[in-house]
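Input: structures, listed below.
What follows is chain A paired twice: with chain B in the first complex and chain C in the second.
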Partner chain A sequence: MREVVVLGVGMTKFGRSEHSMKEMFSMAALEALEESGLESKDLQALFIGNVLGGFEEGQMNIAPFLADEIGMRHGAPATRYEGACASATVAIRHAALMVGSGVYDLVMAGGAERTTIMGTPLATKTFAMGSHSEYERFTGITFPGIFAMVAHQYCAKYGIALADLKMSMARTAVKNHHNGTLNPLAHFKKEITVETVLNGPMIADPLQLFDCCPFSDGAAAIVLADAAKFKNKVRTPVYVAGTGQGSAGSTYRQKDLTRMAAREAAVRQAYDQAGIGPSDVDVCELHDCFTIAEVVALEMLGFAEFGQGPAAVDRGDTSLTGRIPINPSGGLKAKGHPIGATGAAQAYEIVKQLRGECGERQVNGAKIGLVDTLGGDFSTVCSLVLRRD
Partner chain B sequence: MRQYPLTFNEFKQGLQDGKLLGLRCLDCGTVVVPPGAVCTSCGSSKFERDSFARKGTIRTFTVIRVGPEGFQPPYVVAMVELRDGPYIVGNLVGIEPEKASLDLIGKSVSVGARIVPPESPEGGVEGMAFAFELE
Partner chain C sequence: MREVVVLGVGMTKFGRSEHSMKEMFSMAALEALEESGLESKDLQALFIGNVLGGFEEGQMNIAPFLADEIGMRHGAPATRYEGACASATVAIRHAALMVGSGVYDLVMAGGAERTTIMGTPLATKTFAMGSHSEYERFTGITFPGIFAMVAHQYCAKYGIALADLKMSMARTAVKNHHNGTLNPLAHFKKEITVETVLNGPMIADPLQLFDCCPFSDGAAAIVLADAAKFKNKVRTPVYVAGTGQGSAGSTYRQKDLTRMAAREAAVRQAYDQAGIGPSDVDVCELHDCFTIAEVVALEMLGFAEFGQGPAAVDRGDTSLTGRIPINPSGGLKAKGHPIGATGAAQAYEIVKQLRGECGERQVNGAKIGLVDTLGGDFSTVCSLVLRRD
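Our next item is the complex of A and B:
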C-alpha cells in the first residue's frame, strides 16, 4: 500500500442548522480544499457518509449532487456509504484504501446529515430502522435501549453495582461536556455536573437524558492524497497509518453486548496495519453515542482491561490531561451527532490534534491518534489510526 | 434455485400456531432461532427443521421511556437466552415497567409472540415481536 496523507480538513458547526445538506457539506468541503491548496476540479473521486437523507430532505443518491455542488468535474465518481453512525468513517477508510492501492491520487471523503428537520418521533423511528427489521424492530427497541441493555448486562457480567456504573457514566458525560466548552464547533458548550446527569429524565433504563448524545446537523470533509506526490503541499503532514472495519449480526446474534466483535476486529486491523498497540495512542475520538458506550469502548480499544473501564474513568485516565485523553472535541455527547457526518468530524478533530491546532483542548505532543466509530447495534464498526512525523 | 430453509413467514405462522420453529444444524447440532440461511456456528446450510422449547432466561433488559413513532412507552425490552442456546430480543409483558430491576437478569421466562399488522393497507409487511412472560 502507498502512504496516504491528509491534505486538509473542514467542518461546520454542529447543532441545529438552517442550511441544507448540500450547503453544509459545501462549507466543510471548501474549507478542506482551501487547506489543501487545491481546487475541486483536481479531485478524482468523492466518498460520502450519509444515513437518512431520504427521510430528512427527501434526497436519495446524494453523493453526485454533493460532488456537483462543490464543483467536481462531471465524470468523477461520487458514492454514498451507509453504515449507520459509522458511515463517514467507512467512507474515509474506502477513500484511503483506494488512494493507498493506487486507484486514485487525490480524493475527498466526508459526511453530511440534517437530522433535526425530522423531529424527534420520526428521528427515533428512522434511527430504530438500524435494528433487525424482522426480528427486533417491532419490539420498539431504540438505540438508547440497546445501550441500556449493554449497561445492565455489564453490571450482571462483572458484578458491579448499577449505582457505581452510573457514577462512571455520569463522569464521562461531565468530562465530554467540559471538553465541548473548549470546542467552538460543538453543539453544546455548557458545563454539567454528575447531578445534572443523575437528575435527568429517564430515556431507557438506566440511561438518562444526559447519558445520550443529541441529534445534530452538520458536515465534515477530509482531503486524502498519495503521500509521495502531495505531502510537500502541507506544513504538518498527517498520515492515515492504519484502517480497519468489522461487521457483526444484530443484537440477538451478538449475545454478549459488552464485547463487540466488529469493534475488536476493526481496531485490531487498524493497530496492526499501523504497527502500533493501544499504549502508543496519544489521543482518541471514540463513539460515545451514550455514556456507557464510551466506558465499554475503553476496554475494547485496549485502553483498559475488560471490566476495568469504569475504574479508568474514575481515575481520570480519559480527561484532557489524563493517561489517554478521550474525545477532546466533546465527543458525540457534547460536540453533537450528525449521524453520517460523525466519523468525518472525529477524523477532523484527530487531524487538528496531531497538527497542534486545538487551542485550549489541545492534547500536548499528540503524535498518534485513533478514530473509532460504531454504527447501529455495533454491527458496523470502523477504525482509523492517524499519525504525524 | 436454492430453497430458503425456514422463511420469516413460516416462522411467524409457527408462532401464531403456538410453536417456536427453528433449524438444527446437521453438521454441528447448533440450533438457529430465529432462522437464518446458514448455521451461526459452522456455516453449514444442512439443516433439519424442528420445534423448540419456548423457554429461556433473561440476560439483559431495559425499560423504553421514549419510543419510536407508533409505540406507547413505557415498555420492557429484554434479551433472552433460549433453552436451546440462541438469544432473542422481545418484550417482557405482564410486568409493571416500574417494577423492572436488575433482579430480572437470570429469571426464567416463557416465549410467545405478538403479531403486528402492516403499517398501512397500501404497504408494509405484517411483523412480529417476541413476547416473554416470567414463569
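Our next item is the complex of A and C:
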C-alpha cells in the first residue's frame, strides 16, 4: 500500500439548513479543494456517502450530480456508498484504499445529508430502514429502543445499577455538549448539566431526550492523495494510516449488544494496518448516537476494559484534557448527525485536531486519531486511523 | 494490477417474484458459491448493487443483511453501491479493483432488486429519482421521455427520417425478444414482430410499448478472486481484463444526447486496461433500457460508426450470428430489468457466453465480452471487459 495523505478538508455548519444537499456538499467540497490548492478538474474520482436522499429530496444516483455541481470533468467516476450512518466513512475508506493501492492518485470523498426537511417522525421512520426490514421492523422498534436495550443489557451483564449507568451516560452528554460550545460548526452550542439530562423527557427507557443525538443537515469533504506525489503541498501532512470495515447481522442476530462483532473487526483491522494499538490513540471521534453508545464504544475500541466504560467516563478520561479525549467536536450528540455526512465530519475533526487547528477544543499534541462510525443497528462499522509525522 | 478471475456466477429467473430481495440474492449467491466450490465463510468481502430498497421493502443498509443471509462470517465488510441502473456493475468494478490491487483475494459482488412490488407507476416515479431532482424533475419528465428525446435528436443530427429509425428500433426489439426465448431465466419469452412494436401503445413519442424494457425482480452474483491463487479451481477461467466508470451531469447538462461523455470515458478506460479495441469484442451485453438506447450504444462502444448504428442493426450485425452479437441474453428488453441487479446479470451472461454454456443462444467461439451499463440519464456508466484464455 502506498501512503495516503490528506490534502484538505471542508465542512458546513451542522444544524437546520435552507440549502439543498448538493449546495451543502459543494460548500464543503470547495473548502476542501481550496485548502488543497487544487481545482475540481484535478480530481480523478469522487466517493460519496448519502443515506436518505430518495426520501429527503427525491434524489438517488447523487454521486454524478455532486461531481458535476463542484465542476469535476465529465467522464471522471463518482460513486455513492450507503451503509446507514457509516456511509461517509465507508466512502472515505474505499477512497483511501483506491489511492493506497495505486488505482487513483488524487480523489475526493465525503458525505451529505438533509434530514430536517422530513421532520423527526418521518426521519426516524426512514432512518429505521437501516435495521432488518423483515425480522425487526414489525416489532415497531427504532434506534432509540435498540440502544435502550444496550443499556439494559449492559447493566445485567456487569451487575451495574441502572441509576449509576445513567449518571455516566449523563456525564457523557454534558461533556459532548461542552465540547460543542467550543465548535463553531456544531448544531448545539449550549452547556447542559447532569440534571438537564436526568430531567429530560423519556424517549425509550432508560434513554431520555438528552441521551439522544439530533437529526441534522450538513456535509463534509476530504481530499486524499498519493503521499509520494502530493505531501509537499501541505504544511502539516496528515496520513490515512489504517482503515477497517466490518459487517454483521441486525440486532436479532447479535448475541451480546454490548459487544459488536462488526466494530471489533473493523477497529482491529484499522489498528493492525496502522501498526498501533488503542494506547497509541491521542484523540477519537466515535459514534455517540446515544450516550450509551459512547460508553460501550470506549470498551470495544480498547480505551477501557470491558465493564469499565462507565468508570472511565466518571474519572474524566474522555474529556478534552483527559487520558483519551473523545468527541472533541461535540460528537453526534452536540455537533449533530447528518446521517450520511457524519463519518466525513468525524474525519474532518480528527484532521483538524492533528494539525492543531482546533482552538479552544484542541487536544494538545495529538499525533494519532481514530474515527469510528456505526451504521444501522451494529451491522456496518467503519474505522479510520489518521496520523501526522 | 493482479489478474482477477471469475470463480462462479449465479442468477435468479427475472420477472415477477414472490421472493424478498434477500431471498433472491441468496439464491443467486449460493449458486455462484456452488460453482466456485466455496463456502460463504471463505468470502472476504461483499459488494452489492441495489437502488430502491428503501421504497421497495423499507430496507436501506442492505449489504450487511445480505452478507448475513448467505452465511458470511460476522466482521467481514459488506458494502452497498448505488448508481441507478449501473449499481451492480459499479459494485463488480470496485470488487475487481480491490482484488486486482491486492486488498482482497476472494470476494463476491452482485445486485438485487424487487421492482414489481411497487407497481409500474410508483416504480417509474421512484426510478426517476436517478435524474436531477432540482433541475429536471419539475418538468415531469421520466426515463421514457428522456430516451424519446434521444431518438428525436438522433434523427435531427444525422438527417434520418423518424420512420426509418423506428424500423431499426423495432428490429432491435424483435432481436432481443428472440434471444429472450432462448434464455430460461428471461422475463419475456415470446417472439414478436416489427408489427408488434409499431402497433403498440405509444408511451413517449416515438417510443411505443415494445420499445421499452419492463421492470423486473431479480438478483445475480459473481465470485471474483486473485487468479494466481485461484484460477486452478475453474475449468474455463474467465478474467476481468478491464473496467471503466464515468460520470456526468444529468440530461440538461448534456450537449448531445446521442453521445454520452460518461459512457465514452468508461468504455475507453475498460478497453485501454484490457489492451483491446471494439473490434476485438466477440459478444456484448449493453444497456437497452429502450430500443433507441441500444442503437446509440452501438456507436459509443465502437461497434458502428457514428450515424451508422441503424444501418448496423438493419444489416443484422447485432444478431446472435452477426458481426457483433448484442444482448444474447435478451437484454433488458426481454431478459428484464431489476434495476440494481441488471449489471450483475449482464456479467453473468458474458461469463456463461465465454465459457460456452449458453446452449441455443451461444455466440460461437466468443473469447472477449463487454458489459455496458447506463445509470440515470447518462450520468453514471460502468463498463467491464471479460475474457477467457
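A few points about this structure:
Assume the second predicted complex is superposed on the first by the 389 of 389 C-alpha atoms of A that agree within 3 Å, B and C clash if a C-alpha of one lies under 4 Å from a C-alpha of the other, contacts with A are read in each partner's own complex, and residues count from 1 in each chain.
We adopt the following convention: a residue touches a chain if its C-beta (ideal position, glycine included) is under 8 Å from a C-beta of that chain, and two chains touch if they have at least 3 such contacts.
The shown structure was predicted, so the numbers you read here are calculated from the model rather than taken from an experiment.
Looking at the shared chain after the overlay, A:Pro144 reaches chain B, while chain C stays out of its contact range. Contacts of A:Met60 after superposition on the shared chain: chain C is touched, whereas chain B is not. In the superposed model, A:Asp68 lies in contact with chain C only, and not with chain B. In the superposition on chain A, no contact is made by A:Arg323 with either chain B or chain C.
Once the two structures are overlaid, the count of chain A residues touched is higher for C than for its counterpart among chain B and chain C. Using the contact criterion defined above for the overlaid structures, shared-chain residue A:Glu134 touches chain B and also reaches chain C.
With both structures placed on the common chain, the touch criterion links A:Thr79 to chain C but leaves chain B unconnected. With both structures placed on the common chain, the touch criterion links A:Arg253 to chain B and to chain C. Within the superposed three-chain model, A:Arg2 lies out of touch with both chain B and chain C [touch as defined at top].
Counting contacts as defined above, chain A residues 134, 137, 249, 253 meet chain B in one complex and chain C in the other.
Residues 8, 34, 40, 59-71, 73, 75, 77, 79, 81, 86-91, 100, 102, 105-106, 114, 116, 127-130 of chain B are the ones that touch chain A when the two sit in their complex.
Interface of chain C with chain A (complex): residues 20, 22, 46, 51-55, 57-61, 63-65, 67-68, 72, 74-84, 90, 94, 97-98, 101-103, 126, 129-134, 137, 245-250, 253, 261-262, 264-266, 375-376, 379-380. Residues of chain A that touch chain B in their complex: 120-122, 124-125, 127-128, 134-142, 144-145, 148-150, 152-153, 155-156, 162, 201-207, 249, 251-253, 255, 257.
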